[in-house]
Amino acid sequence: GCGSDDPAAGSDSIKVGFITKFPVDFYDTMVDAVKKYDADHKDVEVVFGQGKSGTDDEGVIAIIENMITQDVKAIAVTPTSPNVQGALDKAVKAGIKVVLVDNDIPGWKGKSSVVATDNLAGGKLAGEWLAKKLSPGATLAILQGRLGNPSLDDRVKGLKQGLGTVATIVAEPATDCDQTKGLNAAQDILTANPNVTAIYGACGPPITGALQAVKAANKKPGAITVVGFDASPDELTAIASGEQAASVAQFPAKMGSLGIETAVAAARGEQVAATVDTGTEMVTKDNVSQFK
Amino acid sequence: MTATDRVPALRVVDAVKRFGLVVALDGVDLEVHHGEVLALLGDNGAGKSTLIKCISGVHRLDSGRIEIDGTPVDLHSPAAARAHGIETVYQDLALFDNLDPAANFYAGREAAGPRWLPRGLRVLRRRAMAEATADVLSRLQVQVHAGQSTVGLLSGGQRQAIAVARAAAFDSRIVILDEPTAALGLRESRRVLDLIVRLRDEGRAVIVISHAMDHVIEIADRAAVMRRGRKVGEEVPNPETRQRIVSLIVGA
Amino acid sequence: MAVSTTPPDTAAKTDPPSRRPTWPSVALALIRTGPVLMLVAVIAVAGTLSPVFLTTRNLGNVLAQTAVIAILAIAQLLVIVTRGIDLSVGSTIALAAVVGALTFEAVASTPLVVLAMLGTGLAVGLVNGTGLVWGRLPHPFIVTLATLSVAHGLALWLAGGQPHRGMPDIVQQIGGGSIGWLPYSAFLVAALALAVLFLTTRVVWGRWIYAVGGNPEGARRSAIPVNGVLISVYALSGLFAGIAAIVTSGRLNAGSPTFGELAELDAIAAVVIGGASFLGGRGTVGNALVGAFMIGVIRNAMNLMNVDAFIQPIVIGVVILVAVELDVVRGALERRFRVMRAVQS
Amino acid sequence: MTATDRVPALRVVDAVKRFGLVVALDGVDLEVHHGEVLALLGDNGAGKSTLIKCISGVHRLDSGRIEIDGTPVDLHSPAAARAHGIETVYQDLALFDNLDPAANFYAGREAAGPRWLPRGLRVLRRRAMAEATADVLSRLQVQVHAGQSTVGLLSGGQRQAIAVARAAAFDSRIVILDEPTAALGLRESRRVLDLIVRLRDEGRAVIVISHAMDHVIEIADRAAVMRRGRKVGEEVPNPETRQRIVSLIVGA
Amino acid sequence: MAVSTTPPDTAAKTDPPSRRPTWPSVALALIRTGPVLMLVAVIAVAGTLSPVFLTTRNLGNVLAQTAVIAILAIAQLLVIVTRGIDLSVGSTIALAAVVGALTFEAVASTPLVVLAMLGTGLAVGLVNGTGLVWGRLPHPFIVTLATLSVAHGLALWLAGGQPHRGMPDIVQQIGGGSIGWLPYSAFLVAALALAVLFLTTRVVWGRWIYAVGGNPEGARRSAIPVNGVLISVYALSGLFAGIAAIVTSGRLNAGSPTFGELAELDAIAAVVIGGASFLGGRGTVGNALVGAFMIGVIRNAMNLMNVDAFIQPIVIGVVILVAVELDVVRGALERRFRVMRAVQS
């Protein structure tokens, strides 16, 4: 059921909250999967909530509080940061099961389960992939996401760990995951460092922008190794055409459906796994067809 | 020279205007004829400015009516009043401190062309406006320097002169001046008084608000006195009636 | 100058106000409550559409969720009354929270943490005020935009981009604790609002703020210490941002460089919804609070009603516009009723 | 009664003030004594307001000096001028349109306490201020109604009366009035003239700018005439010297 | 009124302007160039610190990167001159871009896509203008904040939260193409700036804009169609946001609900850096452009110099503040030199 006026939503119907960070395609895909689950399960009513930005702790907390008021039995939430744990504690105290989706809150005891990618591990994966691909003396530019956003920061941190000392990092501007800012930054990087070997981006839109800058600089497609994160539809197209080398894929739809399933199970008092790794995978030209 | 035509250029009938608890106009009747200077007198707060603002479309009457050349008109906005040939110098001057004298002078009726374009899109005739403005101002003996770009920096009298010149320069049939010489020096006042007389001689209807009895006696054909929102009397102002007018004003 | 009491006999006459309550005067009394009326209307609609809205538990949530906007709005009101604007308050929250969290990590002393946060806020405010005044800047937009940027950068840099968890218990209580369903932060908001109400209506300084906003040059000519007034107003705005930082970091038990993002826009919107003017000299603390709660109530109600996230901004925009428009109509009605009452009596 | 003490209350020596290309003051000397009313005359734009603004700390002189009771002073701000006992009514009134009459009246010197607090933090004596303001205004015969909450809505004369009352009410040693009766009605003008005479009789030094020769002759002990930024002469104004003064003003 | 030419003989005397160029007049000529001088200073510093900065390639980048801010700033200037503010332009870019992208998906007609984007921008602008005027709102802050919110929500909803890729070739050229190193968008900016310069300085409507900003009540009393002027200004601001949407979505070859986020703040900052006043009636197109390029140059230079991302906001804040402060000093110097020249001659 998808509303209290739904006749099928009887007394045994159970109300579960699903909270995402902010309106971007990544969460849209996730929410679509949950909506589908909602439509398929007459005995579950999902209430949704979404913050305003990737760092909108206050907004997410307000939604959590409001869901407590509405007596949901479980909340699946993509935490903007560990800062939301106080509000989640309140939920747990009110007998609500909490499932973290997309990102973990390390060290927080209240969670029933974590259905997520490990962003640090994802970043490391990209770093190791690049380390293999690049030759010593290579130079790398990093397009950061939104400064202070833990999951985005982890992707950069992970990359540096995986990369080791193979390449020198020549620039790492923040792009707020915005395509225009990514394009501007990449243009400037290519002007200042015309011979940069590789570009890594912590999220999809700036990578799409960077590809445009590479093209505008009259570089041959693929001359610069461009690696992204999230494997957005635009990135997949670029990988298929050879403009982009690779991207770290997450599986938002999977996170959504597994997240809501886990939350419902926890709410019904069933035993749930402490962690459900939805996995990350390196998407390259070789395997891109599987992701389309 | 007193006007003798039967239909007044402007007629106000039973005008009432309230601001909250204040009754600024309390049933005022007024007439002014073409070729006549009517002085509007009264103490501070008597309602003079309110009355002329109602005639100029700044305020709307709560009740009562206004006729021009015998026809009732709806002066719902200053634009409507201007369309009916009413031109006003306000007590607070309503100048644009950020604009130069010429722009102030022509505000709302800029010289511009070509004619077939909508008014707002016409190209300004800046040179022509600047020259005409300088001429009119020098005629009022108030020199404004080229170095003074905006009227916000002019002296009190220079500002008033610009406002008066603006109202008189264009071909309107009813000219209203709210204390036009208050900030003016001797010579400038004289020029404005001459100007008022010339406006009358051109057949326009002129309403002047002034606290300067000498000026009133010199130029006005008729004086209407207001007190506490009502019209309390009319006189032909001259040295003999002076004391009677003063009594009307102060209500003694 | 000796004092005489000549009775007035000139000037337009005034009708005595009526004693008997007539229906226009009842309508007037209602309508005069001003923007509060609109807030009550919004609350009534929210309560009707969502039954949980009016539960004490939810009202507690609304109060807690709106505390930060309300605190910022109270101070922003003063800034706006002086014809100014303070864009830096959101970033100041971030900086003060980070400084507080780092202080807590270093020394774990509650008074020091609180002082650090208040001091940081005050410092940013003083930079704004003195920069505006001594820099002879044409408008505070620029200096507060600059400190917005600088405070944000400093917060990121000090925090190393990371949230720092942990706040003293008292701070956590202030931000997240409650007596029954009434959050402590609501009491804090009430106390600050009353203090500023007193300052603005009863104290010389408050009078000066309105004078400076109404006619800055006139204030200078009246020997009002215009520069001092401006500096004090921005200092207070900074200090209140520090207080807002305490509430935020207490509620979230952390200090993070992402706190307070765009909070300045909420605060300014609240003040403007409450009827203050960017042209200065006008606006009241009470109405700024009403503006803050208008925003808070709408957001809360939409969450409760499970309004689609894409639709929420549309609803917020429309509701704010309608509320303000109704207030415009209300004002016109108030003038009309005043006259009617005067005529009837 | 003409002042006879040797040291002038206020002395301006060789004052020069330029605004860009405009030389508003071009070496002006001026004195006024305690117990004396000095009229400052001149055409529009002659530099009168500029001179009194320099004395009041609004503008700073480019060169020249100002002495009070024989001592050179630095009047770098209106606050400094007020601290030296100078009180001024400006031509543009400098009122606060958003505040009520009492707040305007007391702006910058609010009645408040307790004394041991810094001035800005004292609690307003609102009732006392309202009452005193009403008294002072009614004495000037300008009634302001309770229903009129802010002075922005008052009539031109009501506004001017508030500004004049404000400058005169407090115990300052030098009172400067820039066209204080320009917007005033007959009765209100009379009250202000009486007020000026009383200020003189209390031993204060008074400078009045006015274009109304009748008023000048009636109340001024001495008249200084300015033209184009220079002082061109001084006269004791009376009916006999009237024509000479007028000639000085218009420069003929 | 007949015209006489009595020579002036009263009033303060004026020194004739000097003919021979003296050193104060040379200094004055330099100093008078205004904010441009500050921009040149910032460019000089950037060129010194980063050798690539002054390469044509980089200058081309700067032009392309600043085009959107510049377009918005030109229109925002007009709004601010009328004492207004238009907060909705960023969201309008998003909405127009999404509408354009969806149109392109549906019909693939270039003129229709362009018309759809311009029309969307114009529509939002008309809502702002008529809402302000007919709603008798006290300030455009509220209505444009409302449309900010509504346009953002509509863009999200229409796009389903997703970016939609694909734009007609011509649109892509406008946004991303160039002749040599000169981007087409720079020509567009220049053309729009010249057009608005002409409108503001040579056309009646431009005169009215400054009159309305300088004295709204005076404008009404002068029979200037104040309401029409206000509506036209907001309509133009919306239209320019539509043009900015064409540039953005052409450059990125997509329409996405995330476009234009916070672009309004950049535009307003540019206008204010260029010396316009929120109190209305003051400001020029040229200086608004200078403000836009000040922001663009600083951002570009920091990227070139690889300034730490945490430090960038700090540098931006400080540089903007310093530039504006220098302009204040410059203005004071200008007045001083004017007097000096007058005295010398």
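Order as written gives the chain letters A, B, C, D and E; numbering starts at 1 within each chain.
Criterion: a contact is a pair of C-beta atoms (placed from the backbone, for glycine too) under 8 Å apart; a residue touches a chain by one contact, two chains touch by 3 or more.
Labels paired with UniProt names: B, D = Sugar ABC transporter ATP-binding protein; C, E = Inner-membrane translocator.
It should be emphasised that the depicted structure is a prediction, and the values quoted were computed from it without experimental measurement.
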Among the chains here, which has the CA centroid at the largest distance from chain B's centroid? A
Averaging each chain's C-alpha atoms to get its centre, pick out the one most distant from chain D. A
Averaging only over C-alpha atoms, locate the centres of chain C and chain E and give their separation in whole Å. 30
Interchain centroid distance [CA atoms averaged], chain C/chain D, Å: 40
Roughly how many whole angstrom separate the Cα centroids of chain B and chain C? 45
Multi-chain contact residues (two or more partners), chain B: 20-22, 43-46, 142-143, 145, 147, 158, 187, 250
Interface hub residues of chain A, defined as touching at least two other chains: 23, 147
Counting only residues that touch at least two other chains, what does the list for chain E look like? 9-11, 14, 156, 161, 309-310, 312
Hey, which residues of chain C end up touching chain D in the complex? 1, 3-11, 14, 202-205, 207-208, 210-211, 213-215, 217-225, 228-229, 232, 280-282
Chain B-facing residues of chain D, complex: 19-22, 42-46, 49, 91-92, 142-143, 145, 147-148, 153-158, 160-161, 178-179, 182-189, 211-214, 246, 249-250
So in the complex, the part of chain C that touches chain A is made up of which residues? 52, 55, 57-58, 61, 64-65, 68, 156, 159, 161-163, 165, 172, 176, 248, 251-254, 256-259, 261-262, 299-300, 303-304, 306, 308-310
As the complex stands, chain A meets chain C at residues 20, 23, 47-50, 52-53, 55-58, 61-63, 65-66, 69-70, 81-86, 146-150, 153
What residues on chain B touch chain E, complex-wise? 56, 58, 77-79, 82-83, 88, 90, 94-99, 103, 107-110, 112, 119-124, 126, 132, 135-136, 138-139, 141-143, 145-147, 158, 168-169, 187
